[in-house]
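Below are two complexes that have subunit A in common, paired first with subunit B and then with subunit C.
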Partner chain A sequence: MNNLSNEYKKLNIFKTYQDLFFKSLFFVSAVISSLMIIIIILFIAQKGISPFLSNYQYGQQNIASFLTGMVWRQDQAIYGVAFIIINTLISGFASLLVAFPISVLTALFVVKIAPKPIGNLIESAIEILASIPSVVYGVFAVGFIVPFIQNLANLLRIQTAGGSSLLAVILLLSIMILPTITSISITAIKAVDIDLEKASYALGASKTQTNFKIVLNSAKSGIFAGAILGLGRAFGEATAVSMVAGNKMFGPTFNLFDITRTMTSTMLAGLKETTGLDYDIRFSVGLVLMGVILISNLAINFVKNRIGKNHA
Partner chain B sequence: MRKLNIKDIILDGLTYLFSSVSILILITIFIFIFQRGFSSLNLGLFTSPYWSQNYYGTIPESNRIFESDVNFDKNEFYSEKYGIALKDDFNARNEVIVVISYIHPDSPFNQLINASSGINEGKLIVAEEGMIVNKISYITSNGITRSAGPVLKQNAEETIKTINQSIQLDSAFIQTQGGGIMGSLIATLMLIFISLAISLPIGIMTAIYLNEYAKYGRFTPWIRSSIELLTGVPSIVFGLMGVLVLFPITAIFGANGTSIFLGGLTLSIILLPTIIRTTEESLKVVPDSFREASHSLGANHSQTIFKIIIPAALPGILTATILSIGRIIGESAALIYTMGTYISDKPELLKGATSLAVQIWSIMNGDQPNFGLASAISIIILVIVLGMNIGVKVLTRSKVKQW
Partner chain C sequence: MKFFRLMIIGLILSLGLVGCATTDAPEETNKVTGTINVYTRDASSGTRGAFDEFIELKDKLTVSAIEVTGNGDMAVKVGEDLNGIGYVSLTTDFAANGITPLKYKGVAATEENVINKSYELARPFEFVTRASGNFSSEDQELVTLAFVDFILNSVEGREVVHAAGGIVDVDSGTAWNTLKVNHPVLSKDLSKVVLKTGGSTSVEKTLKAALEAFQALTSVQFEMNHTGSSDGFKRTLGSEKDSANAIDIGFASRYFKAEETVSLGAATGIYCMDAIVVVVNDENTLLSDSNKELIFNIFSGAITTWEDASK
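Let's look at the complex of A and B:
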């Protein structure tokens, strides 16, 4: 009997240690996963700033001329990022402008208006669009959007560089961020309290009035979250954009039919050697890109809060 | 009955119009990619390397007849004098080529001696069926060396006729068919293996910690939101991170630049948020009664987790795996930085290579963009991604049925 209870104690101790071991193992994984974002920011910040420090091995760069420069020439080692930031903002916000109304109305249609089979069909189409890799969108853009713009430009008697243009980038990005915004808007609209709608009907509003004034307004917060994610994707999209952007050396580009240069296309352009200033400066661009995404997120949040005040 | 409002009609009309846009786009993309890529799509694509190998070899003398009991197709032409059969074919760029379709075991074409200068000079060339014939030089009855083959715009039939009239063959210029995706396919499989091997354990363990140990912990919201932040990071920034943070790890194993290993490590971080979120969702739906029953039977926490909770959450973990594989296959920007853009036919763990998606980028950015091949690879990627979408749907449905 005594022997058995000893065995039992041993087993209990073993089980306690086993628990402790696995708990710490799981905890360590959680810490690693959550530290990654900090590691990414720290390392890219350190590398991105390094060309502007006095002890930089390939010659110190002037941070002011980097941030305000309107020319980017790899061959002459002139790196000015200001016009690239403006180009990125233009193409990102323009594509948001195109995709946002389409996405929100599609989401509204899927959840509130369409018969169930059609709603499901559109939702599946959105899911498939979301899962198409960006490089495939790039192939589509090069083979379909670019020739389309070339023809359009010929029709309007405008010169283009074979169709690679700001307009091509905007159309491509609109298509790419459409599923992101739509699927998040669908979730947001589904979550709207049915009582609000009933109240609206009880007050004599039509179905359309209810949909547009009550449903969309209540789902606003989620819809704007979708817009933020969509904009982030538009700014950060690299491979597909670099296939149609054309990489202009100066700017900014306001003409829809002119070639452009975004931050991501700059980071991918002419990537050959993995040392030297030309390589390191890409990390500085990456750092600026992360800053732009962060600031535009804050800006959209600000807009969202302002709209909330008007309608409250 | 309320009078129909003009404004309502316009708004409704807009809704109908806009919601058809996404379906229209999807159909356009699919039709376009399939139309452009379908003719370049064939089984040989999967097994042939991207770069074609050129061979220039001298042909030894032969004075016999190579009778063959093989039944040749109508488009194959056999030379009994030299024991070789040729046929016309198309390459990945849809150009007409002449291909070796059969070689007799004793044929002089099996004993070509490499004549191009270099380390392989004088070594035996193994001519194989499927290789492209560019030029065959022969000696005429009056001792003059002449050439036959596609170089002189001859097709298979004409080439065979010409060499049959010769006294003896002199040399042959043959090459392997390029334009395949075998290397990228292998590299992609390696990527999937490496990144899942790292990402799945860490992701699942993190999800378990968040849901089973620290559901209401003080730091749990912080951990959660910092993982959520990862989803908003553009993939090209992950590429930069891989070069900076993860390259030293691969350097320990002997990598001295871009490598598949580095690409896999980078991808494993990109996958983390998806795996953690999907696994956590599936842990949440495991009923608490399962946990209570296990504990009341005397199991400790870790036993409950490994024997009860993880098996119950398996469909969710499988969903996470499938989603991750889809992401790996489609990823390009991060891999351009970490694996390079040089298409490698023999991918090695510690050397650079391309995945299928990066191969598309690479051939579209080359000097001669090969649109047909790019579309063909796009079709392959689309089909895989579509299949996985359906797989996830089926899985989610079966998970709901379970309890």
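Let's look at the complex of A and C:
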């Protein structure tokens, strides 16, 4: 008897140690992943702020003219980021405007309307779309979207730079963020409590009314999380965008058929070959980009909280 | 239901637009008229550096230029843009991209014309070694001279330089097996010997290819530390030849100047040429020849329409 209880005690101690071990393993993983963001921000900030300090080795830059400048010319060492911020916001939000409704309606179709086999087929097609590397999108854009826009411009008697344009960037980004928003919306819509829908039907609502007023509204939080991720991808996309943007040296660009320049394509262009101020200033652009993304996310959250408030 | 009907009509309308755009592009827009679209590489590109130098365009490029991401990107973009003009390296496949190279001062851009120096949008990749007897050891000098022989005269050396974009006559080279008997030092164990190179950054791509090929044949190590053409002479024979910056072979992507007395070196010469070609779209028949003034005026924005450029 005594022997048995000893065995039991041993097992218990082992279990306690096991728990403790895994607890600390999880804790360490959590610390590492959260430390990464702090390390990245600190590193970018330290590099990005350095050109504006008085002891900068390549000559102190004026932060006001950096933030308000409308010209970006590396050859003359003129670095103004204001028009690039505006261009990035325009292309990002315009592509969100195109992709968001399509994505949400697709998700609704896949989950609530389509017969199961068709829904599954579309869902896996979207998942494949989400996993395509961005440079493949870039090649597609150069080979298909750009010539298409050139033809469109010819038809409208507008001159373009061979099709490289703001419109090309918007179309490209719309296609790229479509799967991101759709797949997250699908997850969100699937998670909506079926009782809510049943209650809606019981009150005499039609299927369409239920889908738009109950399902979408309940899945609002997840759908907007998808929009935030999509916008993040649109702002962050560098490779594909720099292939079709044309990288204009001044701006901002409002004409859909004019060339444009985004923050990521600015950071990427020639990064591997450059040194000195031209290298360091890219970190400053990165810092500004992180600020832009943060503010945009807050703005989307604000919109989310306003939408459908009267239904909730 | 109204909503869905509207959506369907919208869908049909937009499909119609797509159809028009791809099939009914009118013929007459294919003639090159109006604004010149100037294409350029980003400011850190070596090709752009050379182009700016040839045309004396530094800081004067028109602000409405379109920046592309690489040599291939430039070729594709100008090939797609009837109104485009840009510049690429001579090794580019013109026909495949739909671009036409312009003559410069009446001379066609061919490898032959670059090598015989009649095509002027070209620059030499020059090298110079330390003075004889002034190397860190005798083996170091012999190995350096063996490498110089390899990059300068061997078919193998010229081949890798050519593949890396340098313009050199591969066929008139000599097989390395024939040349290497002149370098008995190569039969020693050379895995501790480190060849140090420096000077022009433009030569790095072709030089690295040659050094890697040489390393595969001899097991010699190398160390590249390139900072600019003017340091090529300085660090082998000039003011820094005995400093920590000292190197075995210095490079310049221009002709050595008269005050750079490279004849003091154990070996000096041009191992390949680098050439740049101004290109326009295949449909553009307005221009076939060019000169420095015309190119400068187009790229600086003084001439903005094809009508003015072809006058």
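By our rule, the second predicted complex is superposed on the first by the 277 of 312 C-alpha atoms of A that agree within 3 Å, B and C clash if a C-alpha of one lies under 4 Å from a C-alpha of the other, contacts with A are read in each partner's own complex, and residues count from 1 in each chain.
What we mean here is this: a contact is a pair of C-beta atoms (placed from the backbone, for glycine too) under 8 Å apart; a residue touches a chain by one contact, two chains touch by 3 or more.
Just so you know, these numbers come straight off a predicted model, no measurement behind them.
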Room on subunit A for both subunit B and subunit C (clash or fit): clash
For A:179, using the defined touch cut-off, is the partner it touches subunit B, subunit C, both, or neither? Pick first, second, both or neither. first
In the superposed arrangement, does A:102 touch subunit B (first), subunit C (second), both or neither? first
For A:299, is the partner it touches subunit B (first), subunit C (second), both, or none of the two (neither)? neither
Would you check which partner chain A:274 touches, where first means subunit B only, second means subunit C only, and both and neither mean what they say? both
Should A:13 be classified as contacting the first partner (subunit B), the second (subunit C), both, or neither? neither
Once the shared chain is lined up, is A:259 touching subunit B (first), subunit C (second), both, or neither of them? second
Does the superposition put A:243 against subunit B (first), subunit C (second), both, or neither? both
Touching A:162, do we find subunit B (first), subunit C (second), both, or neither? second
Is A:40 touching anything from subunit B or subunit C once the two structures are fitted on A? First, second, both or neither. first
Can you tell which stretch of subunit B collides with subunit C among 38-46, 110-118, 182-190 or 254-262? 110-118
Subunit B and subunit C footprints on subunit A, overlapping residues: 142, 243, 268, 271, 274
Sort out for me which residues of subunit A touch subunit C in the complex. 71, 73-76, 142, 146-148, 150-152, 154-155, 157, 159-164, 242-243, 246-250, 259, 261, 268-271, 273-274, 278
Considering only the defined contacts, which subunit A positions touch subunit B in the complex? 15-16, 18-19, 21-23, 25-27, 29-40, 43-44, 47, 101-102, 105-106, 108-110, 113-114, 121-122, 125-129, 131-140, 142-144, 175, 178-179, 182, 206-209, 212, 229, 232-233, 235-239, 243, 264, 267-268, 271, 274, 282-283, 286, 289-290, 293
Footprint of subunit A on subunit C - complex, ascending: 17-18, 20-22, 24-26, 29, 34-35, 37, 41-46, 52, 58-59, 61, 63-69, 73, 76-78, 80-84
Mind pulling up the subunit B residues that touch subunit A in the complex? 2, 5, 7-8, 11-12, 14-16, 18-19, 21-23, 25-26, 28-29, 32-33, 36, 201-203, 205-206, 208-210, 212-214, 222-223, 226-227, 229-230, 232-238, 240-241, 243-245, 257-258, 269, 272, 276, 300-303, 305, 326, 329-333, 336-337, 341, 357-358, 360-361, 364-365, 369, 371, 374-375, 378, 381-382, 385-386, 388-389
